[in-house]
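So, here's a batch of structures to check.
Shared between the two complexes below is chain A, which has chain B as its partner in the first and chain C in the second.
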Partner chain A sequence: MNVLQQVPRNALVWIIISLFALVAPHVARLPIWVLAVYVIAVIWRLQVHRGRWSFPGRWVKVAMTVSGFVGIYASYGTLVGLEPTVALLLTAFALKFIELSQRKDAYVLLFLGYFICITEFLFSQDLLITLYSVLTVVLVTSALVALHQPGLNRFNRGTARLAGIMLLQAVPLMVVLFFVFPRFGPLWTVPLKNHTAKTGMSDFMKPGDVASLSQSADVAFRVKFEGAIPEKSALYWRGLVFSRLEQNVWSGLGYYDVPLSEQRVDEVVTSGKPLSYSIIMESTQQTWLYGLNYARARSAGVLHSSDYRLMSPAPLETEYMYKVNSWLNAPIEMELSDWRRKTETTLPPQGNDRTRQMALDLRAAAGSDEAYIQAVLNKFNQEDYVYTLRPGKLSGQNTIDKFLFETQRGFCEHYASAFVFMMRAADVPARVVAGYQGGEINPLNKTVIVHQFDAHAWAEVWLENKGWVRVDPTAAVSPLRIEMGLEEAMASEGSFLSAAPLSPLRYRSIPLLNQLRLRYDALTYRWQSWVVGFDSEQQFDLLHSMFGEISTRVFATLLLGSWALVLVPVAISLFFKRATHPVSPLDKYYRIFCDRMAGLGLVRSPGETPGQFAHRAIEALPGFKEELLQITGLYDDLAYAGVKDKAELTQFTRAVNKFRPDRRRGLVEEDITI
Partner chain B sequence: MQVRGLVDSAVQEVGNILLGKEPQIRLALCCLFARGHLLLEDLPGMGKTTLSHALAAVLGLSWKRVQFTSDLLPADILGVSVFDTKDASFTFHPGPIFTQLLLADEINRTTPRTQSALLEAMAEGQVTVEGETRPLPQPFFVIATQNPVHQSGTYPLPESQLDRFLMRLELGYPHPQAERQMFERRHSGAQEIQNPQQCIDLEQLEMIRVEVSKVHASENLLDYLQRLVAYTRQSPEFEVGLSPRGALALLDCAKTWAAMNNRSHVVPEDIQAVLPSVASHRLVPSGDYAGDGDALVDLLRRDVDVIGR
Partner chain C sequence: MDSNQPSFDMRDHSFLGRMRRRFRGWVNRRIPPAREVTLDQRRIFIFPSRTGLFFGCSLTVMLIAAINFENNLSYALTFLLATLFIVATLHTYANLSGLTLRAVRAQPAFPGQQSEFLVMIERKKRRDHYALYLKWPTSSDALVNLVEDDNIKVQLHMPVDKRGWFRPGRLLLESTYPLGLLRCWTWVDLDLHALVYPRPMSSAELPGLATDTPDGAAAMVDGNDDFYGFRDYRKGDSLRQVHWKGLAKGQEIQTKQYTAYADRSVWLDWELFPGMGVEQRLSHLCYWVLEFDDRREEYGLRLPGVTIEPAVGDKHREQVLKELALFGKGEAQR
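Now for the complex of A and B:
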């Protein structure tokens, strides 16, 4: 094979390093056999390099490809979807490495490497992941640089330095492109992740089914208030409304469940200064957004539903930032339509008879709806009801009876569900609301961090002249839960984050760790709000504020102009750098000659004299003997023998210019093979 | 030009006695042609003395030999004035240094005091005894031999004095073939030590020196020399770089080497050929660097670019 096409050993080492660096962040999502493929691929290729084994034959390759597909299908049960596709790509990446024999293969592999680096962002755009990806980009670029250093046969760390310098030089351009380059909408949509997030909200609620609630310390969203942060007990982040109870399952109303006439929301009369804040949601793969009632979005593209929720038109596949105004005391839906009243008072025709009876009795005794609510809350508060995360399962049909009269142990879902049931049983419009309650205030940047374990469910009751009023039955059972948060409320039970032993949240009592955690969170917020949240809308706003009306022409000018702004200084500095270091034409041309020899795989080491180099070159490439002798002889005359003849210099430069070695001779006579 | 012929015959003549050491013999001749003093360093029994005797004989120089010992005094080398009762005056009795070629055997066995007396003579070409300066004969060469410094009973020469030697050569073990030949000669009882014939007389020596002075050193070559010198002064591996005297020595030797190869101009190969023997004893590695002077020379040869940029 042609020397020119060989992959130098240094490059091979860098490729192997980048191979493992690229697959590392995917490990948790991959079946173990894919990693085995990586190890086998590297061993195989190294054995090929050492001359022990040979490249796989055609049928072996076909067999490996087919078994790759079969393996992915066997592991994931499908070939469609984000995770199987990425796994397939990673497997193909490893297999391609085995047959890496020529430079062009290495190019394919490395460019694919950049692409694989990007796939990680489909799963996470965390700050640390981003930093790690920068590292992998440096590694892949090093491999690419090493590919162009044919003389280096030993592993060389300087390659990474060179790659780092090149990438640093690209940073200004990168920054400019970040701000200026058009953000296209997705050209195709990537299939969603197979399973929804393991924690977080689901769109139904079945309290009896959960024996023990495991919480996760993942962040649900972060909030930045424009003014002071309200009391924790006022932070009811409303996300889902469950208006329907069927077979002991609470669920929300779908789009088609609401008649057209009810789709429009009556304008809520707001007064006073709103509470303004912006929320950055982690990706949920769901469409609902969170806000403090009554919430009106300030960002374009956020929908408002008929039960006053905020919604995104598309599932959130990445972090999503939106701005909201909230009026906490605004009265909502003063007039209840017949349809709405019917919907919010409907119960299943049978079941839970004891609860129904008790509800009717209590309502009759109370006299008014307000008094009735108070009576139910008092019941929760004064009788032996326990707030616990480990309530045990409720079996059978009449789960609410069972909970209210037998176990009397439960968490927010149990209380909210039972409360709303009792309201509806007495014909009071009520519904279950799910979302998050409270949040952790990061003192470093004054954001509120809402974790998954802050998830909560409460009730809304419609009262004459008051509209929808929030009632939290859990607060009646365990006031600590609302005022201090879950951790304090669960201190005696010890069940707080029992399923996440390694979460830094559990070690909040160590000041240094806590400080580090909060600092990292503040950094994440900044990263999300500045970099991840910079979408086409913000880009447009920014460019608009700087340059006025944005047309295609302005945009193109801006793009090209900013490139020029970055590149012209570089060009100028290069120009002057050249000028300050005059190279004698003699040495310049000799170096050109050396470069052409390097193209043939013969690299002159710095300490090698022209004579020694020519000697070595003639031995390796006897076909070029004549030219080599001529060029070296002329150089010798001009450089050392003191010949100051213009004509001879011209002859030398001509000889070098004419010297364009290719595969025509020399190599044909003595083909260098691997 | 007949320099090469002369050199070849001299090398051959010495090579008859010291088998298989042609490169070292050439370098030793180069050192003498460049009017430099030569330091031979090696283990005992490697042929240091043999080489120096043979060189003296080939050049037809008057020579004297001093075996340096720990109780040798300066006067033992330079000479002493003795009171002559007949004339009632002091008469100077010149020491062994008054010769064209002085063989200073095992120079590092003697005390620094005696060493410095010799080294002054080497630098100045004259000696001063009892207030009277006496010139030494022309030409004046010193070929000193020494044992490796770490051997017991030695006073290592300081760097400043090593610098006075133009070249330092190590002979090394002979090639197996040459050694075999040596055994066979001894076995066959053939005349082992034949006195080598004189090949170069004083006139020819002068002619060689004239030829050397005519050798052209181009701009490009001086650039390379400067890059070499600069590297020794800037690179972190070097504690002590090449002095200007060292750089000049390098140039002189390279020119002589070019002349010895019948070339009228110096090429980088000439510099590289003499570099180890001229530079290795002048370079001191820094504390962080594990190698010795030879390793530093390798570094120079490998890393300093021959071609300017």
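Now for the complex of A and C:
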């Protein structure tokens, strides 16, 4: 084999390390047999290296490739989509490793490795994942460097150091490119994640759904207000509107459920200064976005639905940032169309008869819609209703009857659902709204962190001359929930995050841990807003604020300037190396000695040993015999026996320092006369 | 330039051939032949390697992935690797820069044999140089590191064919260290030539052997008749003629010399092979030079315009072979 094509053993070690480092973050998403392939691949290749086994033959390779495809198909049921594609890539990566024999194979493998790093980002752009990916990039680059260090058979840390240094040198220009490179939309549609679980609210709601979501301590989104943060009780993050009740399940209206004439929303009349804020959503795999009603998006690409929700055109695959203006007091939909009125008052034809009867009675007694609402809320507030995370299961028919008249224990969705049912039963237009309520304020960066346990459901009622009005029946049962949050509301029950014993949120009472958690969250927010959420709008703002008018000339100057900024220091560090080898202190002082001798006209010739030189020097300068012998003797001892302790070296350096022949001219007059 | 110059054909009149010649000329002006060349920016060429181009394609795919998934960290990694490519330019260049290539020697050889070329790579600055690949157009190759030592001698072997000076052409020194993405190389002409002797061609006997004493011509016995003195031992002297007694007494090693040895010296003469072509004559002469050298007998050489007095020993043999190798090749070549 060509010497240039050999893969050094050192490189093989680095490749194996990077192999496992690359697959590690994918493990949770992969079928278990893919990991087995990795183990087999490494064992096989190592046995080849030791000369025990041989490389797989052509038919073995074909068989392995085919079974890889079949295996992926069997595990995912499809080959289309992001997860199967990545799994295929990872399997191919392991199989390619088995047949790694030449350097060109290694190149293919390692470049594939870089690509696998990128696929990890498609699943998560979390700060920790990013830090981990930096490590894998260093590893892959080290493997690439090791590939060009023939004959280094010992595992060498210098390899990784060089890789690290080169990557560090590359960082400044990368940062410039990152902020300057134009962001344009996708060139074509890409395979989506269809095997990753959707998180957060779902697009239908049945009793118990919100309660189970409230067990999670994950972050749903983070909000940064441009001005002061409103009261917690005003933070109703509206995300979904459920207008349809079928078989105890509330669901929203689909796009085709709304007739074309209803699709276009009346422009809401807004007045006063809006509440401006930006939201960074964690990935949900869903399309809905959250905002404070009435919300109007400031970011391009956010859609507005006919029931005043915000929507993303595509499921949120990764973190997503958008900006919103909200007018909390704006009246919404003052005129209710016939179709809308019909939709928002429709109930299933039968069932829950006791509730229906009670609704009609209460309505008749109240006299007006407003009074009726108050009457229902009073009922919740004054009768023996319990707000709990453990409402018990309601099954069978007439669940609202059972809840209202039997169990009387419920979470927010029970109350919202019963409330809306009673409104509709009395022919008052009403609907269930789902989203989050409240949030935790991070004092470090003044963001509002909304967790999954802030999930909430409430109601909207349409009133003459007022439009849609928010009514939260939970507030009537448990005012603490709205003012303080779920943790305080559940304090006596002790059910808060009972399913997540390790969540740092449970240890908020320990100041140090809480401080760390908030600091990390602030860091995550900064990361998401500057790196993950960086888009063409932010890019324009940034470049505009830095350079004013953006032109090609600015771009060119910026790129060339940063180019020079990066390459000049690198070049200096590379080319202005010390010209000579570092001299040991021993040699350095011996040289000083030689220089002093040379000052007297006694130059040591290149081939002369210290002993010979001393001999010659003693002949020429017998007056210095003692010192010459001492210095030379010490030097010889130290040079050949090695410097064992510092004391000997100090003795030598001191002897050299004391040796000042030029200051004792009296002893060398015979030489001076020469 | 004689025909020993490989891969360079003056008769190629195609466009590519002309371009190649012009390029050669440019390289010759840029890096003139010298026994010692220190590599600097005038002498080092750098260009993305095939791997680098492949890497560029991979980066394009990564960029497309970043654009299509609108994934900022993918953008970041793509840009990091693209910049790494640029930074690698300097590192790759630095791996060759400052190295000194020095011609050490080229072993003379017979046609069909391998000549050994010895070059030395030296560094002046304290920097590790890895994966230096050396090769002449037709030679074996070598891959060396310059890490612990400040210089390293590299042996390259290459087959030689025609009698005369063998010019190996330009030595390629190449490196793709550290990432393999860029190829940094230089072609240096180290002004190092190997002497190629004539191809030895045996003849059953030496026709009309020319000796100083015509009657002693055929008596090819070992000259150990009349001892006449000692001289210092030279490498190659027969062990039978070593003065062992002296050596045993602790004297310097010496060789006994015999008169017969001197008397029976042979003249290898151009005229011994009448009616033959130049190369054939030289080949036969070469054969007999080796033959007599083997027997440790004295021989002299007479070529038109060249006369070497009879003698024996390695130095003599080399001198004679050199005359044979360069006969008729022009004075400028010596």
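Here, the second predicted complex is superposed on the first by the 522 of 674 C-alpha atoms of A that agree within 3 Å, B and C clash if a C-alpha of one lies under 4 Å from a C-alpha of the other, contacts with A are read in each partner's own complex, and residues count from 1 in each chain.
Criterion: contacts are C-beta pairs under 8 Å (C-beta built on N, C-alpha and C of every residue); 3 or more make two chains touch, one makes a residue touch a chain.
Computed from a predicted model, the values in this text were never measured in an experiment.
Peer 1: Just chain B (first), just chain C (second), both, or neither: which does A:162 touch?
Peer 2: The answer is second: A:162 touches chain C but not chain B.
Peer 1: Among the partners chain B and chain C, which is in contact with a greater number of residues of chain A?
Peer 2: Per-residue touch count on chain A favours C.
Peer 1: Should A:115 be classified as contacting the first partner (chain B), the second (chain C), both, or neither?
Peer 2: second
Peer 1: Go through the superposed model and pick first if A:590 touches only chain B, second if only chain C, both, or neither.
Peer 2: Touch status of A:590: first partner only.
Peer 1: Taking the superposition on A as described, I'd like to know which of chain B and chain C A:254 touches: first, second, both or neither.
Peer 2: A:254 sits against neither chain B nor chain C.
Peer 1: Between chain B (first) and chain C (second), which, if any, makes contact with A:51: first, second, both or neither?
Peer 2: After superposition on chain A, A:51 lies in contact with neither partner.
Peer 1: Of the partners chain B and chain C, which touch A:141 in the superposed model: first, second, both, neither?
Peer 2: second
Peer 1: Just to be sure I follow: which residues of chain A are touched by chain B in one complex and then by chain C in the other one?
Peer 2: In chain A, positions 581 sit in both the chain B and chain C interfaces.
Peer 1: In the complex formed with chain A, which residues of chain B make contact?
Peer 2: Result: residues 216, 218, 220-221, 264-269, 272, 300-309 of chain B touch chain A.
Peer 1: Considering the complex alone, what residue numbers of chain A touch chain C?
Peer 2: Chain A reaches chain C through residues 2-4, 103-104, 107, 111, 114-115, 117-118, 121-122, 125, 130, 133, 137, 141, 144-145, 147-152, 162, 166-167, 169-171, 173-174, 177-178, 181, 183-188, 190, 317-318, 531-535, 563, 566-567, 570-571, 574-575, 577-582.
Peer 1: Once bound in the complex, which stretches of chain C touch chain A?
Peer 2: 51, 54-55, 58, 61-62, 64-84, 86-88, 90-91, 94, 97-98, 124-127, 130-131, 133, 141-143, 145, 150, 176-180
Peer 1: Inside the complex, what are the residues of chain A that reach chain B?
Peer 2: 581, 583-584, 586-587, 590-591, 594, 605-612, 636, 639-642
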